[in-house]
Amino acid sequence: MELALEFFSRLLTQFQSPALAFLMGGMLLAACGSKLTIPDSIYRFCVFMLLMRIGLEGGMAIREADLSAMILPAVISIFLGCAIVIVGRLTLARLPGVNTEDGIATAGLFGAVSASTLAVAMALLEEQDVFYEAWVPALYPFMDIPALIIAILLANIYLAKQKGSKREKVQVKSIITDSLRSAALSALLLGLLLGLLTHPERVFESFYDPLFRGFLSVLMLTMGMEAWTRLSEMKRVAHWYIVYGAIAPLMHGLLAFGLGYIAHELTGFSPGGVILLAVIAGSSSDISGPPTLRAAIPSANPSAYIGSSTSVGTPVAIVIGVPLYIALADAVFGL
Amino acid sequence: MDHFKATKVVIITEQMILDQVAHLIENAGARGYTVTPAGGKGSRGVRSTGRAAVIDGFSNVKIEVITGSKEAANRIADEVTERFFDHYSGITYLEEVEILRQDKFALLIQS
Amino acid sequence: MDHFKATKVVIITEQMILDQVAHLIENAGARGYTVTPAGGKGSRGVRSTGRAAVIDGFSNVKIEVITGSKEAANRIADEVTERFFDHYSGITYLEEVEILRQDKFALLIQS
Amino acid sequence: MELALEFFSRLLTQFQSPALAFLMGGMLLAACGSKLTIPDSIYRFCVFMLLMRIGLEGGMAIREADLSAMILPAVISIFLGCAIVIVGRLTLARLPGVNTEDGIATAGLFGAVSASTLAVAMALLEEQDVFYEAWVPALYPFMDIPALIIAILLANIYLAKQKGSKREKVQVKSIITDSLRSAALSALLLGLLLGLLTHPERVFESFYDPLFRGFLSVLMLTMGMEAWTRLSEMKRVAHWYIVYGAIAPLMHGLLAFGLGYIAHELTGFSPGGVILLAVIAGSSSDISGPPTLRAAIPSANPSAYIGSSTSVGTPVAIVIGVPLYIALADAVFGL
Amino acid sequence: MDHFKATKVVIITEQMILDQVAHLIENAGARGYTVTPAGGKGSRGVRSTGRAAVIDGFSNVKIEVITGSKEAANRIADEVTERFFDHYSGITYLEEVEILRQDKFALLIQS
Amino acid sequence: MELALEFFSRLLTQFQSPALAFLMGGMLLAACGSKLTIPDSIYRFCVFMLLMRIGLEGGMAIREADLSAMILPAVISIFLGCAIVIVGRLTLARLPGVNTEDGIATAGLFGAVSASTLAVAMALLEEQDVFYEAWVPALYPFMDIPALIIAILLANIYLAKQKGSKREKVQVKSIITDSLRSAALSALLLGLLLGLLTHPERVFESFYDPLFRGFLSVLMLTMGMEAWTRLSEMKRVAHWYIVYGAIAPLMHGLLAFGLGYIAHELTGFSPGGVILLAVIAGSSSDISGPPTLRAAIPSANPSAYIGSSTSVGTPVAIVIGVPLYIALADAVFGL
C-alpha cells in the first residue's frame, strides 16, 4: 500500500516535466482552435537537432564504451521489434471492423520507434541524473527496422493469399536501405559517426546540448497540435484503433521493461538503460515509419495507422509511458 | 514567332509518389515537367500547406507536363490514374495550350 | 480511359479569406479544391512570396476547383466575385479542361 | 535646466540599445535596397519565442504574486484600450481626406498592443535591473481586446448610419475568441499557463531566456525592413496618417504613464510597471490586430491602417517611446 | 455576371530574372501578374523545391499574366522567349481563359 | 624531415575539427542517398547568423583598432582579387574544351570570397587562441568586388571581340552597388556598423557568439550535401574545371600567404591575419557571386562555374586549405 502510494507520488512529479506539458499544451491549443502554427522548416530543424544531439552524445561516449555489453540488448530489441508486430497481426488485425492490411500496418508503426519519445525520456533521465549506457540510443534501428520489415512481409503474405496469387518477394534489402536513408535515421547515424570519429565537443557543448531541451519543447508542442488535429481522422476508422493505441504502448513498454530487467540481472544492463529500452518499445514511429509503410503497403489506409499512432499511441507513450517506467524503475531498482 | 498547339497534363497527388510519377513522365518521352507545392481538399480529407507537415510525404504536389503529342499526354494521364489512384489520393486533367518553341516539347524517342 | 469535358475555376485572392472561399466552394457542391501559395501584383500593389509576411493573412493564395458542371463553375466564380472582390483584392477566371474520372468531379447534392 | 540635460543624456544612452539599433538597421537595409531577407518561418519562430518567453516568465513569477494588485492596472488598461480608440474616432477619423472607416480602423490598431514593442521594453528594463510586477505583461489582452472591439463597434455604427440601414450586431464574443485564438495571444497565454502549472524552469533557463535578446534582434531587423517597405503605401493615403502615427503613440504612452503614476501612488504599482503600461498603450498592433480588423471592417483600406502602424507608429513607439518612458520614470521615480 | 474571353500567358523560368520579366510584362500594358514558386526538370537539369537553395536565384518561378488582348499576350510570350531563353532556362505557353470583370484585364495605355 | 613530420601531424589535428567533419558528413549523406534535408529558411538563417556575428565582432573590435594598419592588407586584397581572375583568364579560359566565357566566370568566382570558408577559419583560430586584427574579416569586400568586376570586364571584352562589335560599357558602379546589396555583404556590413556605433555586447554574447559554431556546423552540412549533389553537373563540362577547382584554391591561398608574410615583415600584420588573408584568397564565392555573374555574363554556363566552385573549390579550400595555412603559419611564425 505504502509502496503504491510512493509509486503514484513519483508518477505525479514526472507529470510536471516541461516536455509532457508542452505536448499537452499543443493539444490544448489545437482543441481551442488556436491559429498558432510552428512553421514546417522549424519543425524539421527541431527533429534534426534532437537526432544530431542524441547521435553526437552517443558517438562521443561510445569511444570508451564496452560494446560487447550491447549485444544482449540489441538482440532483445530485434526480438521486440518482431514480436510487437506479430502480436499486433494476431490481435488488432483480426478484430471485427479492422481491415487486415490496416491492422498490420498499425502494428508495424507501433513496433517501430519514435525519436521524439526517446528524446523526452533522455531529457527526463538527465534531469534526474539517472545513468544509462552511451550506446542505448543506438538500439533504435535494431528495433525499428525489423518491425517495419515484418509488417511489410506479413501484409504481403496476406494480400497474396487474398488475391490467390503468389506473393511478391519483399525487398528486405531495399526496406533496410530506405530506413537508413530516412531523415531520422541518417541524422542519428551521422551524429554517431561524427561523435565517434571527430572532436565535436565544442559545438556539442555550445549548441546541440544546451538547445536540446528548448527544441524538444517546440517539437512536443507541434506533436501535440498534430495529435489533436488528426483525432478527427480516427472517427472514420474502427474504435479498436483507439483501444489498441491506448493499451499497446504500455504493454510493449512493460514487456520491454521485463526483458530489460533480465538483461540487468544477466549482464548488468543499467536501470536507465532498462527505462530507455521500455520507452523505445513503447513508442510508435511518427516521422519515418509512415512513409515507408505507405510506399510498401499502399492499400493500407493511412488514416488508420497514422491516426492511432500520432493521436493516441504517441501521447500515451509520452505522457503515461515515460513517467511510468521511471517510477517503476525507481521502485524496482531504487534510482 | 510561330505558335503551336500542345497539351498540358496536370497531376495533383501526394508528394510521396512524386519520384515515381516523374519517372513515368520521363518514360513517356516528355522533355520536362514543373512541380509546385500544393494543399487541398478531396475525397480523402484536407491536406494543408504552411502548417508543419509532421509526417513526411503526405502533402500534395502539382505536376505539370506539356507535350506536343496529344497521345503521349493521354498516355501519361491514363497511366498515372491506373497505377496510382486506387491507393494514393490524386486527380489528373488535361488542358489545351499554345506553345512557342515546338522542339522543346517534341516527344523524345526512348533509347 | 474515357475523357470528359469539365470546367476549372481559378481564384487568386488574399489568404485571409481562404476559409470563406473554401466554404463557398463546398456549398456549391464541388468535391474538392487545390490551394497553392502565390505572390503577385494587381491593382492593389505587390504581394511577395519568400520575404517574411510580417502581417498574417495578407499574402495571396491560388485556389483551383474543377467541376463537371459548367453551371456550378459559373456560380462559384460569380459568387466569389460578388461577395468578396469589392473589398478584398482578387481575380477569378475559368478554363476548359478534360478530366478522367467523371464521378470524382460530379456535383454533390447538398443535404 | 540641469534636469532637462540629465533627462536628455539618459535618453541618449537608451538609443544605443541593440533592439533599437537593429530596428533602424532594418530600415537602413531596406532603404539601401539590400537583398537580405529574413525567411518567413524564422520570423514566425522569433515571434513565438518572444511570446512564449514572456508568458513563461510571467507564469512562473505569478505563482507567488499578489494578483489583487493587478486589478487597478487591469482596469486602467481596459479604459485605455477604449479611450484611445474613441479619441481616434473623434480626431483622426474626422480629418479632411481621411475616410471614416479607415480612421476608425487605424485608431483600433493604435489602441491594440504590439508584443514586440513590449519585448523591447522588457529587455531594456532587465538590462538596467528595473523591477516590475510579474503580471504586467499579462495586461496585454486587457488593452488589446477592448480596443479592437470598440473599433469594430464604432465602424459598424458608422457604416449602418451611412447606409441608412440598421447596424449589424457586432459579434463581441466572436471578436474575443478570435483574438484569444490569434497566434500572438495564444502563445502568450499558453506560456503563462505552462509557467503557472508546470515546472519549465530548465527549458526556460536553457532556451527561452538566453535566446530572448537574439531573437528579438532578428525580429527588430525584420520589422525595420517591413516599416521601410510599407512606407510607399503611405503615399497613397492622406498625410494625416503620418501625423497621427507619429504623435499618437507618444500621447497614448504619456497618458498611460500618468494613469500608471496614479496607480503607483494609490496601490504601489512599481515604476517598472508604469513604464511597461506606457509602452503597451503607446504600441500599436503589428501581428494579430490587422487581420482581425481586415475581417471585421472589410471596407477599410488596409494600406491606411497598416501603413500608419507599421511604418510610423511602431518605429516611433520603439525608438522614441520606450527610451522616453524609461528616462521619464528615472526622472520621476529615480530608478 | 458576363464572362469574356481572355488569354493567359504562363512563363516558367529562373527566379533570378523575375524582376526583368515583370518589368517586361508591365511595359506590355498588363495590369497584374501572379507568381508561384516552382521546381521542375527541363533541358538544363533538375531544379528542386524544398531542399536548401544554396545559391540564390536559381530556383524556378511560374509567372502568369492574364490579358484581354490576345495581341499583348503574344507580344509578351514572344519577347520573353527572344530576350531571355537563349541564356536562361525557361518555357512559355498560352491558354484561353474566361474572365469575369473585363476592365481588370484591359490593356493599360502606356504613358 | 622532422619539420615535415611535425607539419603533417599539425595538419592531421586540424582534420578533426567539427566544421570540416560536418562538411564531409554532408557529402557522405548525399553520396549515400540520404533523404535528410536542411530546410531552405534554416540555411538562410545560418548564413545570416554567421555574417552578422563576424560583422558585429569586427565592428566592436574596430572601435579601438588602428585602421591605418589595414591599408596595406586592403591593397593586397584588391591586388589578389584582380590577379587571381587575370591569371585564370590566361590559363583556365584558354585550355582546350573550356569555353572562354565559362572559364572567365569560373576565375571570377574563385577570385571572389566565401563567407562560410572564412567563418570556418575564424572558428578554428579562436579555438586555438590565435590572435588576428579585428578588421581582417572586413578585407572580404576588398577582394570580392574587384574580382567580380574584372571577370565581368574581361568577359565583355572577349564577347565584343567575338561579335566584332564594340564592347558594351561595363557598369562598374552597378556591379559595386549590386555586390554591396547582396544578402551576404549587406549582413556583414550591417553587423560592422552596429558593432561600431551601438552597444550590441549583450546580444552578441548571449546569441550571435555562442550559437556561431552550431550554425556553422549546420551550414557546413548543407554545403557538403550541395557539393556532392552538384558533382553530377561537372560531368557535363570539361575535366579541366575539376583540375582548376582542386589546384587553384591552394595556389591562391599560398600566394596570399606569401604577400601576407611580406606585410607581416613590413607592418607587423599578425600571423592570424596572414592565415585569414590566405583563406579569403583561397576561398571561392558560394552565395552571392553566382547570381552576380549569371546576371552579368548570361552566356556563361552556370554548371561550369558553380560546379567547380561548390563541388570542388570550396571543399578543397575548407578541408585542405584552412588546415594547411594554419599548419604553415605554425611552422613559419610559431603560433
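The chains carry the letters A, B, C, D, E and F, assigned in the order they are written, with residues numbered from 1 in each.
Everything below uses one rule, namely that a residue touches a chain if its C-beta (ideal position, glycine included) is under 8 Å from a C-beta of that chain, and two chains touch if they have at least 3 such contacts.
Quantities reported herein were computed from a predicted structural model and do not represent experimental measurements.
Chains touching both chain D and chain F: A.
Using the contact threshold fixed earlier, the set of chains in contact with both chain A and chain C is B, D. Chain C and chain E have Cα centroids separated by 20 Å. Distance between chain centres (mean CA atoms), chain B to chain D: 47 Å. One simple way to say how far apart two chains are is to compare their mean CA positions; for chain D and chain E this gives 40 Å.
In chain D, the residues touching two or more other chains are 35, 37-42, 44, 182-183, 211.
The residues of chain C that reach two or more other chains are 36-37, 50, 56, 95-96, listed in rising order. Under the contact rule defined at the top, the touching pairs of chains are A-B, A-D, A-F, B-C, B-E, C-D, C-E, D-F, E-F. The touching residues of chain E, when paired with chain C in their complex, are 1, 3, 6, 8, 22, 31-37, 66, 95-101, 104-105.
Contact residues on chain F toward chain A in their complex (touch as defined above): 16-18, 20-22, 25, 28-29, 32-42, 127, 210-218.
By the touch criterion given at the top, residues 10, 12, 36-43, 49-50, 60, 62, 74, 77-78, 81-82, 85, 91-96 of chain E touch chain B in their complex. For chain B in complex with chain A, the residues that touch the partner chain are 16, 44-45, 50-58, 86-88. Listing the residues of chain A that touch chain F in their complex gives 39-42, 44-45, 48, 177, 180-183, 186-187, 190, 193-194, 197-200, 202-203, 206-208, 211.
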